[in-house]
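Reviewing the structure listed below.
A, B, C, D and E are the chain letters, set down in written order, and residue numbers restart from 1 in every chain.
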Amino acid sequence: MDNLNLLIQAPILNVQLLLDGLWIGAIFALAAFGMALVWGVMNIINVAQGEFVMLGGFITLMVMEAGLSPLLGIPAAAIVLFVLGWLLYRVIIWRIVDADMFISLLATFGISIMMQQLMNEIFGSDVRTAESGLGMFYLFDNMVTVSQIKVLAFVLAFAIGLALWLFLKRSRLGQAIRATSQNPRAARILGIDTDRVYAATYAINAALCGAAGALVVMAYSIHPYVGLPYTVRSFMIVIMAGLGNLGGVIAAGLGLGAAEQFAGFLLGAEYQLAFVFLLLVVVLVWRQMVLARRRQYLK
Amino acid sequence: ECVITMGAAVSLTGKYSTNGTHTKNGYNLALKVINDKGGVKVGDKTCKLAVKYYDDESTPARGAELAERLIKQDGVKFMLGPYSSGLTKAIAPVTEKYKVPMVEANGASRSLFTKGYKYLFAVLSTSEQYLASAVALAAENAEKMGKKPNQITLALAIENDPFSQDIRAGVMDDAKKYGMKIVVDDKLPKELNDMTSTLTKVRALRPDVLVVSGHAKGAATATRQIAEMKIDIPMVAMTHCDSAKIIKKFGKAAEYTLCASQWAPTLKYSDEVFGSAMDFAKLFEKTYGYMPPYQAAESAAAVLVYADAFQRAGSTDPQKVRDALAATDLMTFYGKVKFDETGKNIAKPMVLYQVLNGKYVVVAPSKWAEAQAVIPRPKWSERK
Amino acid sequence: MNRRLANVIAILALGVIGILGPWLFPAHLSQFSKLWLFIVLALTWDLLGGQTGYNSFGNVVFFGIGMYAAAVTQVGLYYPVAAYTAAKGGGTEFVFDVAQFYTGLAVGLPVGGIMAALAAAALGMVILGMRGHYFAIATLGLAIAAGELAAGWEYIGAGSGMVTPTPPDTIDTTLLFYYLSFALAAVTFGFLAWLYSTRFGLAINAIRDDEDKAEAMGHHTTRNKVITWTISAFFLGIAGGIFGNLSKFIDPIDVAFNGAEVGVWMILMAILGGKGTLWGPVIGAAVFYVTKELFWTYLLGWQRVALGALIVIIVVFFPQGIVGWLKERWPERFGPSKEEMEAADAKGGA
Amino acid sequence: MTQPLLDVCNVSKAFGGVIANRNISLKVNRGQIVGLIGPNGSGKTTLFNSIVGYHPIDDGEIWFKGEEISRYRVGRIARLGLLRTFQQTRIYGRMTCMENMLISLPERESSFLDLLKSRHSAGIQRAKDLLEFVGLYSKRYHYAGDLSFGQQKLLEFAMALINEPEMLLLDEPTAGINPTLINGLIDRLKRANEELGITLLVIEHNMRVIMNLAEHIYCLAHGEMLAEGSPEEIRNDQRVIDAYLGAH
Amino acid sequence: MSDEKRTQETEEQRRKRISGYGMGGVDTVMSVDAVAKEAERIAANAPKEEDLLHLAGGEAFLSIEKLRAGYGRMEILHEFDLRIGKGQSLCLIGPNGAGKSTVLHSIFGFTNIFAGVVRIGEKDVTHMKPNQKLLEAGVAYILQDNSVFPDMTVEENLWMGGFLKNRPEEAREAAEKVFEKYPRLAARRKQPARVLSGGERRLLEISRALVMQPEVLLVDEPSIGLEPRFIDMVFEILEDLQKTEGKTIIMVEQNAKKGLEFADIGYVLVSGQLAKAGPGDELLEDPDVGRLFLGG
């Protein structure tokens, strides 16, 4: 409880923890957008989510090694991963969209371990970082420090969330995506090429993860095995937000980030993860108890 | 044609694969040099050395099985160690059971040497020594920080794996000896790439010394985030600085960091096979294209120890070789090797570098020190 | 050929191979021990995942609990556990003689199974009310949290892990654990074969196909689910206890609660062989394990790429698993036969 | 007169703003066959769901066999002997038709240990007979999920019958069933009612069915009870004609 | 033929027409096996190709020739033939599991086709992907089960009907026309489709299928789950489409009296094979059909 006292005595620490939580939460949310899309539209849980993030990071590193600003890595990673996502769909995913969701889970798990080791063979398992060239904000007499790249990540997550929302609401492809997610068979009888819709959805997801990866390598670090935490958190966020609720994804992402930071501070870093996952279980159990009282309606 | 094949399970994939590769490179370089020089005289024969590798995928669940496979299926009679303490812990019981000697270079956990293993020999300093000189240094320099040694406060941010936790135990013991107080004791998760919540705590509690150990990830993350958050602490000590390449990656941000190391190329050790420590480093760089981290050096040394033991035993009988190993008293480019009855090397100290002007400079122990340590570190506001 | 006869022959053949193992493949005994254990993992996962339709990512929790519980019992019968782990898992003063070692195992393994079963019963009552993905995610959360908690608990060695008791020299532990693993696999298989032939087997299948319907027909769905998970956890816990002794060193995350590998593999093996069938998990585990070992011997450095590719190919081309594929390909040979179906009528008659 | 088997008293149920049931009362005596009709969206299925415990009701009470069941959950109510079928058919898709039937044999009083006994019995024969009756005998070893829409409906019907509950709630049992077979179903229902004493409450839009089957009919409209009476009364009730039957 | 008859219908005749599911007795109780045996007897003199063509008015607009199709490896339809002329309506009836829905599925491409041809106009559409059927062959399908997009508004649902139009405005104009025609839907245009009652949903599905002005309309059991008045309404809509807009309609209906009364041509399908074919009214009067498939 010493740590709690500390927070009460030095309230400014709360600000730092909250901000740090929000930054990382924004990146989680970015990866989770894509997962929510793919899950909602294609009924696929994409376990390779974290690996897309990781690839985005490595692409940014390559951009940097080519002598360009790593900030260019954000669009570069998004574009490359969009193409990769499309290819993956055309080669593998299309065969399993109609199958049981669990099949997709395993297939993407296979893809994910392939990617991990491929990247390990190509780049080695070193921890890598890229310097964005952006500076820091120092507030309250250095008591609160804010890295500008993280602010950028935060803003970007919001902007992308908004853009995605508009895209789904307004554009033709967006409408096709929504229709397919609600009733694929009906979409097909209206002439929607659901196959292309799926490909686009998967590719957009990969692109979003790529952008997140570019931010991760600039704000944190990357190595070939870094993916799993991002996948797992995307999962959690989507579950908490509910499918097809982009606003909820942002809120859940930010909330999760902040919860982790405070948990790490209060309980020690070793219980940070355990706390967050137990929290997840508690949330689910609570939701379950509420639901049990008013049961799902059946026809 | 006499060939002595040793067996090794190393991490070629998974999270330890970088260090696993260093380990393998160290073994291979030593083999190559020894074989190029004609091999090892065993009795009246001259034998070449070879190693049979398996990949343990960085998980202890595989270790025991692989060791068994090497010994029973492949008929290996001598083992070289894997990378990491966890794997060594999993393998040692097997080699012990089959009475196969194992010379290891990367399992530093001291608990390996409390079990009465008779076939396990480690050329490296055990983990509790890693940061002992850093704590001692803090005590020595307490005055400069305006305190008595027993008023010094420590913050520990140490990864939650067997090896790092042993380092933590060592630091705790040393701190107790001086009566120092530990104000932060965070165990970092294995997947860490962000330690801002720990550092926020550190900033609030203003300890005198921050100790970080979490393999390369930990060193890289800490170096970067301490600088970003401009956290002023008089002393920051870490492990794995060189495998994290903190100087190359973070430049100024890495300045004044204290780093524990098993070995450094600048040390004045030498032997007949490789020449001086620097000679080894150059040869290694020529062969593999990068400067050897200590993991490579200690691995090469393990092979030298075997070669020496084969020679003295004059036989490839595991029992005889084990006895010869136990009696080892050998000078190598890596330092002196002499095992106590538990099998750990007691003849070689750890060294402590400090990053000064973009270079690693040995600052402790004083016998090898190239310069005086800069303590306390300049505040971030005072740095250019 | 009569299918029932074929079944009997297959079981006999496996039994003979199992019993003669030490003579047939003396050098590969510990690999085969793991194979038998993997079969248990796949079978027990399938009990809930395939037969009851509740896909769990968290079964590895019971594996880990069994492993730790067995090890702690084995030590705790003779020494204070905290001292044992504080010495970082063993030490010269912690010696086990032959009697102590055998007693430790004889008590420890059942304790491992029972603790795991108790955990499953307790957890099951809380989270088995969840449906579909929510259940899967909750179990995933539990698996991760369990590993992290174990890594923080000093009594069992925290992040430093725990070494299982070192057997006395005179015991051939390879042989011992081989037969233990084999026996466990045989008992598990036999038990499940019988269970699936009862009305209970139908009752859990009904949950898989339409739980609301089952409930509306008056089934005790929650009770049946919890019982199923408890049975699954019991065998899994024993498997964990044996696995810990085979691995000799228990790392909380890399060995005991290794959800990213063992946790996923058990699912993969069941699906590969054919979810919801009796033989599927057995065949799946054998094929998966052998392939994995081969890749890992001959494709060093690329074994995971190969494994990943294999997984993708399997699920893309054999989504119903090997057994399912055989049934579809040659329904006359592998589908339910006339006699079998008539025999199946017998089950569940009330 | 003895108390009714099922007694629904002033039950109300709203979903957000939509009031699906308002102050509904209805009684079914033991051994009766009662019909429930009403336009689409008038709250018939909602009432069924309220009775069998799928959701809590906002107001009112439901009594079954003299026991108040308004707070009970689905499983418990089912075990009391009150069973329902679904408007959108529910069968166990990956079990064979035969297995679907066998697992539907009455299980109300059985304990876990009973489940573990595997013994031959007359149940198998009954299952076969019923399957034959609904025309699914030749499909008995096919997966139920592979049946056509109507066949699934028939299977569900057979499953409900083999369970021999005290009371059965049927939600549009004949929708999508071939008219000739419907005649057979009605005959069977009447026999089940007479011989086994199964009490029936049936939702139907098919007047040919309900008029020939039910002895008493309730009509809902807009969530409220519009009318009740014998088939003849209902058929000629102007309110029912206006709200539901249309020009006849 | 039936055209004229209906326009001349008196008020009294209209009253007599079948409403909802119709009424009548339930005395003809036949076992499924008995039905199957008798059906076999009827199927023995199954209609020939020429008869089918003749029913279609001499020239087939949509034709299915010797179709063998099913699910997975299982064959459900055996050498099935169908002919329908432009602007005609056809009703498929038959026992449960006869393969009626499978016929519609096959036309649209949701089954495995082992052999045979499906032709629309001059075009062979046997292996065309489902999503091309509307654009390239002008076939719209009203599924047996729910096919609205539950979380889109009624308006958006209608717009989706015009997804294939080049300009979104066209779809909106078409939607406006639908709203003018059906005030029931107009009142709910901004509400999500999931709140609609069963009948309104069916209405929405049908009008949505018409936005693209398809040539051919496939309708699977329009009356399932609908209250009597809605059934009548749906059939009025279909009639309107056929009579005033000249659409070709193929429907499956278990409410066979209503279906046959409406349709120009009636087909009786038994066990995946055509057993009988004839003008709708004729089949309605046929004693065999009445006893075996209409419930007496």
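In this text, a residue touches a chain if its C-beta (ideal position, glycine included) is under 8 Å from a C-beta of that chain, and two chains touch if they have at least 3 such contacts.
All of these numbers come straight from a predicted model, not from anything done at the bench.
Of all chains, E has its CA centroid at the greatest distance from the CA centroid of chain C. By number of C-beta pairs in contact, C-D leads when A-B and C-D are compared. Comparing the centres of all chains, each the average of its CA atoms, the largest separation from chain D belongs to B.
Once the centre of each chain is set as its mean CA position, chain C and chain D turn out to be 43 Å apart. The mean-CA centres of chain B and chain C are about 37 angstrom from one another, to the nearest whole unit. Distance between chain centres (mean CA atoms), chain A to chain C: 32 Å. Measuring from the averaged C-alpha position of chain B to that of chain E gives a distance of 78 Å. Shared interface positions of chain C, i.e. residues touching 2 or more other chains, are given as 148, 151-152, 159, 212, 301, 303-304.
Contact of a single residue of chain E with at least two other chains is seen at no position.
In chain D, the residues touching two or more other chains are 74, 86-87. Of all residues in chain D, only 52, 74-75, 78-79, 83-84, 86, 90-96, 98-99, 102-108, 110, 112, 114-124, 127, 141, 145, 159, 163 touch chain C in the complex they form. Of all the residues in chain A, the ones that touch chain C in their complex are 45, 92, 95-96, 99-103, 106-107, 109-118, 121, 228, 232, 235-236, 239, 270-271, 273-274, 277-278, 280-281, 284-285, 287-288, 292, 296, 298.
Those residues of chain A whose C-beta lies close enough to touch chain B in the complex are 3, 6, 10, 13, 16-17, 20, 24, 117, 120, 124-127, 129, 136, 138, 142-143, 145, 147, 216, 220-223, 225-226, 228-229, 260-262, 264-265, 268-270, 272-273. Those residues of chain E lying in contact with chain D across their complex are 15, 19-33, 35-36, 71, 74, 94-97, 99, 101, 144, 195, 197-199, 221, 224-230, 232, 254-257, 291-296. Chain C meets chain A in the complex at residues 55, 126-127, 129-130, 133-134, 137-138, 140-142, 144-145, 148-149, 151-152, 159, 212, 260, 264, 267-268, 271, 301-305, 307-312, 315-316, 319.
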